[in-house]
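So, here come the structures, one by one.
After this come two complexes, each holding chain A, first together with chain B and then together with chain C.
The block that comes next holds the complex of A and B.
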């Protein structure tokens, strides 16, 4: 597998993650730097830690690979001892202790990676966490990491409704944030990837799936139609106010 | 072997029973109020019988580790997880310098509503074998308790 490097090593490429009432949505910008790079089958940025937890990476990919391995080991060690899946916060917290150690002991440099974790466990249901190279971590309802993350976070602050966001709302919100923060003028399915995590209480199974290109196209088209409708309404409003003025 | 510990599981409860004698050398009863019950968490407990020193050492070790888990992670382990942890420790120590001659019963009621079966009862022997059953027992009494349990236990106790 060809190793991918975030070409701007100090600036992380953008991703956002949103917690919904019945799932978690993660959206990331794809950085296919060169068309000559080898294709990755599952995902460029989203890694499965265990059945109910996956995470996405922002930063130095080689550092991330080491930490992803450690995350998986933490999950499996817990499973070996307790014979049940590890709580999400347990895994995140253990990894962050390791990250923190590199900032205090040994004289080695810290890991240049930020993670966004999304998962489900039987204690707290759907959860979303973010961790950074300092080893600090926090739980979120919606957050964004990387380039233009401030803009994205302010949009999320306005639009995310606590306790009322369903999965489709979250997906639409993700598209809206991307269209406002990405460098490109037009949003296309090749530039973004979206993953959705959902847990079925009846079968006690969690599914993590990547949205296919067709689904992405539909979402983008819905967003663009909404936008053009808003624009048309706004223009009509302007015309009527100008008429009134006259 | 003379010490008896019994566990019985019902629909929404777990019952743990023990005898209270400490009989040394088969002829001398030293103590009439022995405690074999060790609290693991608010909703889970362990009965332990066997070599007296090992019993206390092992039970306290497991109990304190379960308390530590709660302090660190803020959540309580289900009886299922407690029992598996106990078994893991027993099995790991078995093939090391310090093994424990203690037979243990772990039982409790899970506080997590998502668990299918909330009343949970497990028996772990000194070799690290674990089973989950409706009636479990260790010591000479097991010959009686298990037979009576087989005959008389029913679903809606």
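The block that comes next holds the complex of A and C.
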């Protein structure tokens, strides 16, 4: 059972996740704190847990690494025992039990990490979960965690259409949310990373892929064109109303 | 006959090297002593695009070690974000077996692999407590291994192309298992080349 309560935004670096009818989209802000930092070949935000589940991280990276390892072990132990992939909620639930234990026993401090999990399993299809340092977790259709997440969540509440959002709608929505919530003025492919999870029922294979720079540029351009068209329409509207006034 | 655990279920596997290709083959019999129960029990498992392992011996250990090795290779690939190389796989496997040095798994293993960039070929075998071997041209494990070794040495030529390699491996296996009551009932052959893997099922003497 997904445990629900009123979640507050945790102030970490932002990311949002959106569930679509035929996939799940995760978008995260890349924070290049210093140009001197060494390039990493892999994503520093999005981690694969097993073939059908990946998650993104908000918070203290060293704490996150420990928990990511634990998530992978949980997945593999289930696979070894039952010879089938672990259900998403099982993995999330087990990890959250560990997180909760650190808030109650031992005199240790809690893990300073929030996760957004996206995955597919044969029981409930596409799923999206969010967990926080308290160990509480919930299932979501669209959510955001981190800096400016309240703004993002309010946009999602207005724009996300339950039962109707397809993958490309979700991608457009993600770009839209980001352009409104990021600190910087202009959205470029270097500042964000987007991962898409899709399951092919015919081959029973799940693919998790990161969008390439070209695809990101196309999406951003599409969004900017839509915005400029809206702006142009609005200006025309304003001109006609002013003319009417005269 | 009951106290020879390695012959309880039967089965055999052979691996051979060619020029920028490797082949591995196994029989399909699953039996309990002299009774044959199934004829679809293959002993070869894939652990990467170009890495294959064959386990021969007690059937329950074949399955368990295959699954436990998969556990470790999955975690390796998740953590390292890259696929396994054959020699790494071999070392992981022998390490796994040695962990049970004083209560061992009853299987002997073969590991084969190919490096798709350089075409370098790997064939290794191991006993049930993880003794490592060199990168050899020919290796066999299982109840009919002695018979297949003889035929393999005869049919092996250095630098065979994939078709010749397939013939050599298949003939060694099929004729070797005919001398052994605990192996046979068909065979599966994997030929691994730089750009593809070909799987062929053979029908030998069905006894």
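As a working rule, the second predicted complex is superposed on the first by the 235 of 246 C-alpha atoms of A that agree within 3 Å, B and C clash if a C-alpha of one lies under 4 Å from a C-alpha of the other, contacts with A are read in each partner's own complex, and residues count from 1 in each chain.
Note that contacts are C-beta pairs under 8 Å (C-beta built on N, C-alpha and C of every residue); 3 or more make two chains touch, one makes a residue touch a chain.
Just so it is clear, the model here is predicted, and its values are computed rather than measured.
With chain A as the common reference, the superposed partners chain B and chain C fit together side by side. Applying the stated contact rule after C-alpha superposition, one finds that A:73 touches chain C and leaves chain B untouched. Look at A:122: by the touch rule set out above, it reaches chain B but stays clear of chain C. Once the two complexes are overlaid on the shared chain, A:82 sits against chain B while remaining clear of chain C.
Touch criterion not met for A:162: it reaches neither chain B nor chain C.
In the superposed pair of complexes, A:48 makes contact with chain C only, with no contact to chain B. After superposing the two complexes on their shared chain, the closest approach between C-alpha atoms of chain B and chain C is 5 Å.
Residues 80, 83 of chain A contact both chain B in one complex and chain C in the other. Interface of chain C with chain A (complex): residues 67-68, 70-71, 74-75, 78-79, 81.
Across the complex, chain A meets chain B through its residues 80-84, 87, 89-90, 93, 122-123, 201. Residues 73-75, 77-78, 80-81, 84-85, 88, 112, 114-115 of chain B are the ones that touch chain A when the two sit in their complex.
Residues of chain A that touch chain C in their complex: 41-42, 48-50, 69, 72-73, 76-77, 79-80, 83.
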